[in-house]
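Chain lettering (A, B, C and D) follows the sequence in which the chains are written, and residue indices restart at 1 in each chain.
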Amino acid sequence: MSFPVLPVILLAPLAAALVLVFVPKDEHKLIKSVAAIGTFVSMALSFYVYFGYDQTLGGLQYVIRHDWIQDLGVTFFLAVDGISLPMLLLTNLIGFSAIFASWNIGTRPREFFILLLVLITGVMGTFIAHDLFIFLLFYEVVVIPIYIMVVIWGSSKRVTKEYAAMKLTIYLLIGSGFLLVGVIALFTKSISILGAPDMSFSALAIAGSQLSAFDQKWLFALLLFGFGSLISMWPFHSWSPDGYAGAPTAVSMIHAGVLKKIGGYGLIKVAVVTLPVGAHFWAPWMAVLGIAGVAYAAFGALAQKDLKYVVGYSSVSHMGYVMIAVACLDVIGLNGAVANMFAHGVMAALFFSMIGFIYEKTHTRWIPDMGGLAHQTPKLAVGFMMAAMASLGLPGLISFMPEFTIFVSAFDNYGGLAVIGIAGIIITALYVLRAGANTLFGPPRTEYDHLEDIKGVELVPLVVLGTVLVVGGLLPSLLFDMINSGVVPLHAEISNVLQLGGNL
Amino acid sequence: MLVEFALHHAWLVPLLPALAFLIIVFLARPWPKLSAFISVGGMATACFFATLAAYGVFTNHQYTEHPLVYAARWLTLGLPGMPELQINVGVQLDPTSAMMLFMVSFIATFIQLYSVGYMKGDPGFSVFFSYLSLFAASMLLLVISSNLLQMFIAWELVGLCSYLLIGFYSHKISAREAAKKAFVTCRVADFGLLLGILGLVITFGTLDLVELSERVANFREYTTFGTMTLLAILVFIGPIAKSGQFPLHVWLPDAMEGPTPVSALIHAATMVVAGVYLVGRMLFLFHEVPVAMDLVAITGAFTALFAATIAITQREIKRILAYSTVSQLGYMMLALGVGSLTAGMFHMWTHAFFKALMFLGAGSVLHALHHKADVWEMGGLVKKMPITSWTFVIGGLAIAGIPPFAGFWSKDEILVVTLNGGHYILYAMAAFTAFLTAFYMWRLIFLAFYGEEKPENHPHESPWTMCVPLIVLAAGAMTVGLLGTPWNNIWAEWIFFGEAHHSGEIAWGAMISSAVIAVAGIYLAYTLYLKDKEKVKVKALAERYKSLYNLSFNKYYIDEMYLWFNHTMVDGSAKLFYLFDIYVVDGIVNGLGGFGKLSGEGLRVLQTGRLQNYALVFFLGVLAIAVLMVFAGPSTASLVLGGVM
Amino acid sequence: MPFDTSLLSIEMLTAALGLAVLILGIISPASAKKGLGWITVIGLLGVSGAAIGFWGTQGSVYSGMYLVDNYATFWKLTFLVAAVLVVLGSMRYVDNLGGQTEYYSTLIFATLGMMVMASAGDFITLFMGLELMTISFIILVCFRKNESKSVEAGIKYILLASMSSAVLLYGLSLIYGLTGSINIYEVGRIVAMNPVSPALILGVVMLLAGFGFKISAVPFHMWSPDVYEGAPTPVTAFLAVGSKAASLAILLRVFVAALPGIWEHWAMVVAILAGVTIIVGNLVAIPQDNIKRLLAYSSIAQAGYILVGLVTATEAGIKGVMFYAFLYVFATLGAFTVATYFYNITGSDKIKDYAGLSQRSPLMAVVMLVAMLSMAGIPPLAGFVGKFYLFTTIVDNYLWLAFIGLIMSMVSVYYYLRVALVMYRDEPADSTPIKVSSPVAITLVVTMLVTLIIGVYPGPLSEVVNAAAHSFFLQ
Amino acid sequence: MLTISLTHYVVLSAILFSIGLFGVLSKKNAISVLICIELMLNAVNINLIAFSKYITPNEFIGQIFAIFVITVAAAEVGVGLAIIIAIYRNKLSVNLDEFDWLKW
């Protein structure tokens, strides 16, 4: 690998942020363009990587590895495989659109975009790091920028933005605290097994799978709590709706779109692979919590009147599907989990960007105050409905096949339990259509006649994400083959361990 | 040659309308005429190919045994050796699908042509046509699917389009709600269907229809009879909603909120028959499970009767037609339920023509009367709009089942197979339904087209784009039934399940009786609605059986029940969950946070600022540590005591 | 035997520097007094240069009274760097005081005391260093002798400090009485050989109390918030950094070198102390509204974290302590320097007055944020790595402590973020931009960069610390 | 005829230490507190000398240590008195209970 493409992808937004530090603070256009360029570079390159990745070869590719901390066995280890690559791509897609979704930011734009770029970098880092320590470095980078962005540019509705921000931050940090304990314990144990400290995922996987069943169980519980609270696993989800409601559009997009997914990603790439026995032990619980999340959050969303809360709860419910899928611990399930994370990412980001525009134009997100917007702002309506349809899992849009695969494997493994989860699609259809219909359709309101439709760069999120939404729906193999190439070896490891280490 | 091409490129048929949709959406939208042209043109071409393909299929008999299948990999999950799931998209051509292909494209073409006139001047003109194209495309995709999942996808897309089209006048609250109702109702049923599909994948490991049918045929290798029953029933739930069977028929009458061509499209050719088609396709599954078959048959018969009893009291012209559709669909289900793919498909075929005809006719009427829908406010239209009226009458004869019109043959076929199957009760129900059908349909005709004119109406004949389809379809409604006359039943040789069961002797009894029933129905309608100008008898009857009348007029209050359920049960529990979330789940979180703060405040107070308090704390600390040391350390306790001594 | 006095050269240089600055302060005209700050800085830098020269030398003077090894040298460097940064950050402050230049010399002597502590080989040296440092600090604490808060802080500090040193001394005397030696390593050998006696336990308890006072471990922490608040802010900074670090240095020396024999007796107690310190420090910090008090409590919590490293009394533990102490120096100094400078400009320590700092002076705001988050242990800042090192040592046997530590560190984010909230969200009361003077700017940038770099690329530092910790056991 | 043993010294120093401690905790006058601290330090000195005499008779470790302690104590007292004077200037009182501006 002559050209270090991954570091460039990682650093491009950071570089843009650095440039922004020296841009005068009232050159709004310039600031935004710089940010856009930075993210565009990353996006273009990650497309290049995505399609340059050799699926038949599989495994880690575009590897960058340097010694970092000798005595902790940490190496600066960047690489991509079939699981991290979709996530990387997703991050950049959303990051790029997020820049444009927040194009009309008027107050203190320079700080906003600097923070946004840092945020994007951090998220990317978690997905391409294959050393647990580096992973953790990036894992929490994102928390503080988000806090600051929410308190400055957020909006107070049911709860104040300060409350929402603090809740979101502390909740996730406490979660990661537990995670950290688990990781440190795992690390110290791994030293005695490996003989030398080594924090790369692969090494930890080897060590972890040799741990006693008991150790694996309690360690996995810690990791599950850590990652679970990030992926808003029921009942550790309550930060999510408030947080999204409080956050500015771009943050909601990135948080719901990709940040959450770090939880699922970590759960698969770290927790499950490293502690298969533990995973096997906790799988039923994960499934139950996942199902609970699906049904519970779906009903929660049904009761909402604030658009962002609707989507907030719906994202909790969708992540429930991911939990079930992970709990299945088989190839199809894991495929579905990763694919669903990707699909939901695109969908949620589009949803939030559209809601952001609606809020920007009508200054309300309160559904009863709206109606008939489709007549004043048709393009906006199209985007909104696309997101809505994707969210209820309409075939032909990206989120159908992932959900279907999840259902297959869930139905196979958990039978009756899964049925409840699958029933969620009915409620989903109910609240999504209700929100869409009451916002966009019905008699147009005169007070919104002055609104002008999204135009120019405002269309970027709709175009970018919408395209992915449709293409991914019509040609799911583009996504699934990639994921499959990553999941199959991973699952092979797990099943080996589970067969050998029969000490369940 | 060209036929060969059509046969092996049948995917063009759905593709063309799809392309039309894309072109209109992205390019042609600003120019209505162009959009219309693209849409109709695309549809017509598709129809052309479909015709060729159908011809190809019907001309060589091998396809009746071995359907022509070609598919491409769409998605693979897992590796060989491990539980792997491969999903193909492809084309499966056999007489059934070929017939559907032709029928759908043919009718869709004329409906689109008709819409050109009907929708003239509507602001959403081109958008409407793009929707129509997409609708047709997805329906055609559904028809040619070689894979159950592919079918499901098309199925859902059809649902989406119906949502868009029913809600086309989205500024009307009623339209909006009707669209939502349609989608959600179908969603509920799709849940069952989806479960069924999942079950099939998991049990049989494939979704390709052909493979599936083979594996199902000897299902005992894979699963138990119980599972099979469950699967069959689950799969049947989907069609219940899509084809408006009881109790999920509620969305269908409301679907009238859409523009009339849409109603025609939905009710005649496409959406609703999708359910019947699916059951027909999956007949190999139901066939293994007698229980499921009976379920289908009973549902069908009951729905037919049930809808008919509602239809007799409705006032809105399109509503009457809608319920008649529900009832006719019941017939088809009944036919499939008693195991005769032939009869079911045949009725679907004829029904498509005369029902489309009648809807378009109704549309033409509404168009003329500026959307005045109540049949009681019409009358004597025959003088002002002859084409519409006469074609409508033909349709009426067809649906009532007067020989030799199309409806007669198919309905007769159904009655015969029901009778031969020995389902006497079902036969009685079906026969009675036939009587009611004839009655309410002619009630509509007499009220709307005959009798004295209403002065306030100024009807006028519709433009040619609307009349041509009427005429064509009317011709169809007269003739298409002749394919399946008992004398030379070509139909039964093409489309059948199992082996071509062809009843040798002609069931004269059934034939005559059904004809008589139809005539009786019409005569009753005539006496009640045309002969006595004042309609005294009717009013008297309505008074006499007030409760029954209301029951029927209010559709047995089923919508109200659903509404109640939705509001109290669903929304109620939603509220409940939400409150729980805020006050319990969130309450715990905030509680913990508050606890932290409070303890902080509490400890803070200890910091009195008095130097000597600090000193005191210091020494208390020393003591505490000393005690700790004694008890935390391993053997210190004994050691201290020993040391002191 | 012959003494290799060259081993003492660093201390001698420092002492000389202190005296020189003192005399210069007296003789130089008022106009020239400003220069003294720079002289101090340069001098200290020179000394640290010399100290770096000592890296790797291993030896002892006066039959083990005075030890020179990487361990000591590392600590000395830490103190010197801290002193340099404090001086840089406080020049403006001293000028405001009206050029009382004894400040600098006293500060240098305090540093000297710390250095002596770092390489103390027996109880007398230990005591001397400790008192030299303490007394210098007492003087510094009530340096603004006309300001009653400052003086009150002073009297609280001197009374409690001398009391605690009395307790410490009593403990030392007991241990001397039981072992008949005051040489730390020799005591270690004797203790290891003989059975445990209750008197020894008592001695250990008193040592723990004495040192616990200095590093402000709960329940011996009560003085620190008051003194920190009352003292001149730069002094507070040095107090929080230097005296704590030095006391840790000697604490490790005594407990790991002299008392490992009865490790199992004090390990659990230290663990509990650490846990309580972490909890109390973080919880009480939550309701604070004065930035110095908030930092005081957070530094109490930090002491708790550092104590964690002592629990196992292993090389890894020592390493963790040193690593954490080093980065703690930078984080704390960063925060306090901002506080100092802000006080110079606005004359307020109230958190609510920090409103809109991010717009008045982005640099100050960002440094404050980075420093605090590093203390909270948020990656990719140094604090995270430090905590990682510390908790790896105890996670196996003291899992509960690991839980307390990591969860509470996340809780601490709560009150750090409240400061961030004020600095970043609120609109400033008066939006006049704050011009950061160059020496302060240097301090701020240095502290921030070090915190960031150690956080992202801790490799080199960990190597150095390894060597230092290793040399600990070579005496 | 009892001989004076190490124990006596130790007990004496312990008592002295405790007296000093009591004073520190109870006296309100800053100067008396300072004096009480001196008592505690002297208790330490007694310890040191006693141990030196009985445990390491032929080395003067304890004595040396004691001398250092005395010296340092003197220095401390010096600074302490200076501070007390300063605070007296500020508050016209040396009553410790009045010095509680810094709290919470």
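Things worth noting here:
Throughout what follows, contacts are C-beta pairs under 8 Å (C-beta built on N, C-alpha and C of every residue); 3 or more make two chains touch, one makes a residue touch a chain.
None of the values given here were measured: they were computed from a predicted structure.
Comparing the chain pairs A-B and B-D, the larger number of C-beta pairs in contact belongs to A-B. The mean-CA centres of subunit A and subunit B are about 35 angstrom from one another, to the nearest whole unit. One finds 65 Å separating the Cα centroids of subunit A and subunit D.
Averaged C-alpha coordinates put the centre of subunit B at 96 Å from the centre of subunit D.
Separating the centre of subunit A from that of subunit C, both taken as means of CA atoms, is a distance of 42 Å. With touch defined as above, residues shared between interfaces to two or more other chains in subunit C number as follows: 155-156, 159, 163, 167, 225-226, 411, 414.
Of all residues in subunit D, those that touch two or more other chains are 24, 33, 96, 99, 101-104. Annotation for subunit B: residues touching 2 or more other chains are 604, 607, 609, 611, 615.
Pairwise, the chains that make contact are A-B, A-C, B-C, B-D, C-D. Those residues of subunit B lying in contact with subunit D across their complex are 604-605, 607-612, 615-616, 619. In the complex of the two chains, the subunit C residues touching subunit D come out as 123-124, 127-128, 131, 135, 138-139, 142, 145-146, 148-149, 151-156, 158-159, 162-163, 166-167, 169-170, 173-174, 176-177, 180-182, 225-227, 229-230, 293.
By the touch criterion given at the top, residues 596-597, 599-601, 603-604, 607, 609, 611, 613-615, 617-618, 620-622, 624-626, 628-630, 632-636, 639-640, 643-644 of subunit B touch subunit C in their complex.
Contact residues of subunit C toward subunit B in the complex are 155-156, 159-160, 163-164, 167, 196-199, 201-202, 204-206, 208-209, 212-213, 218-220, 222-223, 225-226, 262, 264-266, 268-269, 272-273, 280, 283-288, 411, 414. The touching residues of subunit C, counted against subunit A in their complex, run 358, 369, 373, 378-380, 384-385, 388-389, 391-392, 395-396, 399, 402-403, 406-407, 409-411, 413-414, 417, 420-421, 424-425, 455-459, 462-463, 466.
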